[in-house]
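Below you'll find a set of structures to go through.
Each of the next two complexes has chain A plus one more chain, namely chain B in the first and chain C in the second.
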Partner chain A sequence: MKKNISGKLALITLQVLLLPFLTGCWSSHEIEEVSLEIGIALDKGYLSSIDKEFEEQDGGYQKNNNITITFQTVNTKGIGNNSKGGGSSEQHSYLNVSETGDSTFQIVREIPLRRDHPIIGHHLKVIIISEELASNYSIKDLLDSYLRDNDIRPSCLVLISKGRASNALETNVIGEIPSFRLTKMVENGYRSNKILPAMPLAKLTGKIQSESSFLLQNVISADGEVKLTGAAVIKGKTNKVVGFLNEEELEGITWINGKVKGGVVKSSVKGQIIAYEIKSMKSKILPHINSGDITFEIKIETEGRLSENWVNRGKPSDNKFLREIEKSIEAEIKSLMENVVQKMQNDLEVDVAGFGNKLKIKHPKVWKEVKKDDWDVTFSKLPIKYNVEVTVADYGAVSSD
Partner chain B sequence: MIKSEEKITTTQAIVIVTNFILATGILTLPRTSVEKVKTPDVWITVILGGLIMIIAAIIMVKLSQQYPGKTFYQYSQEILGIWIGRFLSILIICYFITVSGFQVRSMAEVTNFFLLESTPLWAITMPFMWIGLYLVFGGINTIARMFEIIFPITLFFFILVLFMSFKLFEIDNLRPVLGDGITPVLKGIPATILAYTGPEIMLLLVAFMQQPSKAVKVVIIGTVIPMIFYVFLVVMVIGALSIEGVVVRTWPSIDLIRSFEMSGLIFERYESILLVIWIMQIFASFVISYYAASLGLAQLFRIKFNKIGFILLPIIYIIAMSSNNINELFKLGNMIGNSMWFLFLGLPLFLLLFTKLRGAKS
Partner chain C sequence: MWKTIASFLPDWLIIIQSLIIFLIPYFIWRFFIYIRERANIATIKQESENSQENTCNFTGNLNSDLKFIKKEIGHNSDVHFREFNIGNTGIHAVIIFIEGLSDKDLIDKYIMKSLMIDFSNENISAFMTEEGFNNIIKQQVLSISDVTNTQNLNDLVMKVLQGSTALYIDGSADVFILGTTKGKTRSIEEPISEALVRGPRVGFTEKLSENTAILRQQGNIKSLSFIKFQVGKRGNKDLVVAYIKDLANPDLIHEIEKRIKKIDIDYLPESGYVEQLIEDNYLSIFPQLQSTERPDRVISALMEGRVAILLDGTPFALIAPVTFSMLLQSPEDYYERWIPSTLIRLLRFLAAFIALLVPALYISFISFQPGLIPTKLAISIVGSREGVPFTVLLEALIMEVSIEILREAGLRLPKPIGPAMGIVGGLIIGEAAVNAGIVSPIMVIVVALTAISSFAIPEYNAGISLRVLRFMAMFCAAIFGLYGVILFCLFLCSHLVKLKSFGIPYASPAVPFNLNDWKDFIIRVPLMMMKRRPKMMKTKNSIRQK
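And now, the complex of A and B:
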């Protein structure tokens, strides 16, 4: 009996002693006490007037002012005020903070010196790099700290901005968060073929390491508005921006590599506008090797709808007219592709449409040989044939004009 | 010799083998194998590695079946005499101790990096090890029943989460198939072996089986399940990150899960849930190797099993903490993988042939 009681006592003591272990996270921080960064803009270093004043007062450390990073964080204070419904609803739901330095990671850790809430990266959605910076520094170096980070997820998107990157993180619409706007815009590829498939850090790692050139979506901004326009060309050897493709050139690229999910081809018949809506498309890059010479053939098959027709007395119900339309669209698609290939081969000397990759897949041995030289240079001298087949499957709700 | 309530069923044996195999390898296999193979054909390497492991496991089973009811620690003394037998047993015990130390440390390292950033390593490892000790005291049957709970949960979630990454998958990342021929594929096999450590438990497990005759079936099914899973894993990871990307990522499999967000489902991010479940899997591996080592020492030196458990606990902890950085940890992992060739392929084969020849003579 006595033994039983002491056993119970021991059990109770043990239970009490174990309680402190159940308190949960050792190293937790309250979510209200941190700033969630959702967007980052990397720009060429510039000092704001406040920065200059700080430096005059000896606030600073040994650094070069190469890079200015703008952090966009969610403004929790603003949200709180809005819910009260007071006059403070004018406040934006985001906050932008800039800091200048030379190490991207050091710059983040300078923020706690200036703000009460340190920045944490768990919810980073988008990184925008300005052209000025990316043409001078390798994006591999610029993004290194983000790729290494344990908080920042590799799902974070990367964009290039032709102008100041931090401007893309501004908006005039109250309640809108620019970083979220950008990530949503990138997903609009099913409505337009001028948008590249999203490039998260996860995919970018492979591209950076592979030494072959690639594209990143370009975003421009003006007065709080942004627009996805064309793409930045990144040279594989250096990982620096070497040029840009405009919207039409990007369209050509998406036709070549078959990454089209939707969109429009505008063309004309008898000088009048017609618009073709892409419903499906298949693209094949076929590398041919004839006695050591490499040639490429692009085969495209697409099916879609005539969505707009300005042609007088053009009856789509007439097969002859339909054929005419198809011819005109075929020619348009072909010229889009020729246009961008011409730019890749003659102006930029890069292959960003995936020709090299197709050669690697179809003829690995040949690829091993050509890889020894600069593929981008080899590519720019290769002949390319085009083969486009358009089928207008229907013409919408109007059969004649 | 072994009490009937200590016996385990065939299914339990399969679950033990599978749970032992699936551990640390899941997180690093895509990288370690691509580093060696350097072509997208890694999935072939993974299949070949699995087949080699199955052959090794069948040899171990055949050897154990020659001595019904006895573990390796007991019959090795019968084959080669007390001293050599003891020496070999100690080698294998050391192997199991190292494996459990390695599992503990990798678990702590990954948890520390992704989940509990400023929690000290000892605070992560200690509860893990204590609970492990508690389970080891329960004996093989308790362990087997515990594993039966872990197994379906982990496998279901692993596969579910892998399927979710389908949006990132690009078939071109896996082509060309055999572009550089078969040589790089073969070169990669040793790198996959660490991911397959596990079937060696059969050296003792056969003695505990209700139907030892089914042991071959056990190792085949027990190894094929992880093999299919690994192939699927490697294909998904390379398909999303490409071989150039996989090589530079320390924990490629977690990165794959971190690379997508599912809005609309209960969770948007799955890496935490995956890691928590993966810890259960590591726990299984840790416990079984801990048990194997304790059993060995108990049988070898006729010490009470429970005492051994307590003695081993600090030793495993020291081994776990002996790596000063992550490179040393990975090196330890490679060492374990390399020792497999001798301990669990060469040695059992030799012992089996020795037994057969001697049997033929007499």
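And now, the complex of A and C:
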């Protein structure tokens, strides 16, 4: 009798132990059964011929077709089959899917209606927003679902495209993935000072919340090629794109806020070209308060090398000539900065170079006062002084000529 | 008012769920208690069935006693009875020995010859008394060192079967047992299962007396003590408990002796039997005694205050108590300089981690947390898994099981074709399965890595237990993802912390924390800094060097 009871007990225990197996693997979706989205392009709504066809056949739901989102996923059929060789090399290694609608999140969930592999956002690397969309809608609203989504990493980059954003997700090079190309290009700041420091989602939330104006890297595209050119200016009050800075103006911005890691300054001495390679730079924005009036002073110290010299009989080993070169580079940098400040103050009426932030840190009481009015407007009337100091530390392997 | 209270109370569903959540561990607990009780009942039953030995003494009459002995062992072909007369006295005598086990040279030259030819009549007067006669035989005639007496038949049979020669002289109930054992032994060889680059090339053999001798030779350790036990009811065997008297904790020795005395079994073919019969928790997957073939390992364990158990007939000695870290340590850690030793030891911890968790982590990354792999790797994994017909768990199981089969088969295969078959098997599994699209190449890498890692663990049985646990981890990962892996680790940790080996916590010195013992745990500090013996051993004398 006793043995019977213990046998029953063992049986019950076994059943209880087997309970977790009944539930199954409810959240298990194997990696090859989902699509990894790596890039997203947000465009103003437009319907492709296929979309129109679908709508004619009564597909679709109640929507205004405000936004078209292009999802770039990895075409796994083009990858990993290298060992088998053959025709796979002719295929692109990415796959772009577009879907039109009003809510960015709903558009994502429309994809399973059209594709066997639903899209997951864990590996999203870049979001490109077209200028057309960003000047009509607030960036905050456009990116809201991505900022909320805890699958998407905050390291995902945000770029603005002057043309159609989805074109930036195209390439003609077989095997290249456009989203990866863009993220790598943004990392090239150590070779050029025309590239803004990367603006990932994590930094962007701060900018959006603080209502201060900021810049986003602009990317243009033509025929499968892309280029980083200038930046889009986003006004803090509205979070909409209000204008663009061209490449030279962007250079001025990077000089002012000290974000130069490398690059070239082209200048001329005696009408001939010289090129200065930036090795290091320090920039200081000093806010001064004189009886209630705010003035700014920009102090820049830079050291670099003379990389190119076309000047006849200009010997860099000659100190006098070196002074001359330095003077001309200083003037060039100064004009770059003046140029962009002029645009910021007069044309766009925004402060995207961080003047307000410096004032906030150095003179918090004054900041509290000026904050009541629109800082961007106040800023546009403030005088700014420049102070540039260039040292050519090195003129390379050739000393004469 | 009741309504407001009721609104705060949870649903019936939640109450039922919480009840189930309570009941699961309760039933697990009850289940193990039930198993333990059953085991106890079984042992009690065995104890009550103790058989009493029949004592059977000799009478002194050669003919009747010889009949008696022959009835007992005479049917064996290898037992020899040689009857003769002592000298010219006409006293009848018989020697009984086993061919092959006893030294025939010795018997011929120093027993037969002294008794038959060299025997003189000078002390004939002393023959009057039985005692005097025996004394003369013992003191003057038999020129061999090991002579004992017995009057008991069982004793005689036991000794003869071990290789001694029994000398029965008519008229005396006192039978001489002459130590003529010359068992078959092999030469001392390098231990196969624990090969080292640097270190002594000596391994234990199957003969207990030789093994204890090897231990004695390890250095003139005055207080090295050997306590002998007889184990096995039907097939009697010698078992020696070795320890260093002025180091080892007396409580520990007492405990081990107690457990060995409790062993009540027919026969012990190998020290693994002893291990399983005296270990603390037979439901645990971890080995709670360390088995080793290396005398240097035994001696250094004894020097730490541990105890060794040596069984006749096996080259594997047992060391107790054991901590988990010991299973990841090799004697070479101490022979080589401390920096490389520390790095290698860290590497072994890493290998243990890989052997235990890597397939589980792979499964959970692939099917639950794809966001945790770097993007490029994720893409190449997706590409390689394209077309694989199985889920990750199934794929991993197929590969793991086939690797285990390959390992097991490699062990059995005859030496000349072993490596060849290993290569063929490895190639078929690795290359052909990938080409056929049954498994993905990354899975092959994962499985190969874990297989190699599990062999990097110096202790073979620790490697096996990690391998078994790996399968559990894989199932946990397949059900719950990383969450399941964490649960598995928690479960494992709670078991490790609770486990004890002869009173020493298995996870020490990590838990209970003891900073001093960390000097010889994950890292191995320079010898100059290891001034004291492990604190956890609670030795009598803790100073190793000054």
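By definition in this document, the second predicted complex is superposed on the first by the 371 of 401 C-alpha atoms of A that agree within 3 Å, B and C clash if a C-alpha of one lies under 4 Å from a C-alpha of the other, contacts with A are read in each partner's own complex, and residues count from 1 in each chain.
Heads up, the rule we're going with is that a contact is a pair of C-beta atoms (placed from the backbone, for glycine too) under 8 Å apart; a residue touches a chain by one contact, two chains touch by 3 or more.
These numbers come from a predicted model, not from an experiment.
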| item | value |
| --- | --- |
| Touching partner for A:R153 - first (chain B), second (chain C), both, neither | both |
| Touching partner for A:L17 - first (chain B), second (chain C), both, neither | second |
| Partner chain in contact with A:G271 - chain B first, chain C second, else both or neither | neither |
| Contacts of A:A202 with chain B and chain C, given as first, second, both or neither | first |
| Chain B versus chain C as contact partner of A:T76, first or second or both or neither | second |
| When both partners are placed on the shared chain, which of chain B and chain C touches more of chain A | C |
| Partner chain(s) touched by A:S27 [first = chain B, second = chain C, both, neither] | both |
| Overlap of the chain B and chain C footprints on chain A, listed as residue numbers | 21, 25, 27, 153 |
| List of chain A residues in touch with chain B within their complex | 21, 25-27, 150, 153-155, 200-203, 205-207, 209-210, 357, 360-362, 364-365, 367-368 |
| Chain A contact footprint on chain B (complex, rising order) | 113-114, 116-119, 123, 127, 168, 172-173, 175-176, 179-180, 240-249, 255-256, 258-261, 269, 271 |
| Touch list for chain A against partner chain C, complex | 6, 9-10, 12-13, 16-17, 19-21, 23-25, 27-32, 34, 36, 38, 74, 76-77, 79-81, 83, 120, 122-123, 125, 151, 153 |
| Touch list for chain C against partner chain A, complex | 20, 23-24, 27-28, 30-31, 34, 38, 365-368, 370-371, 375, 378-386, 388, 391-392, 435, 478-481 |
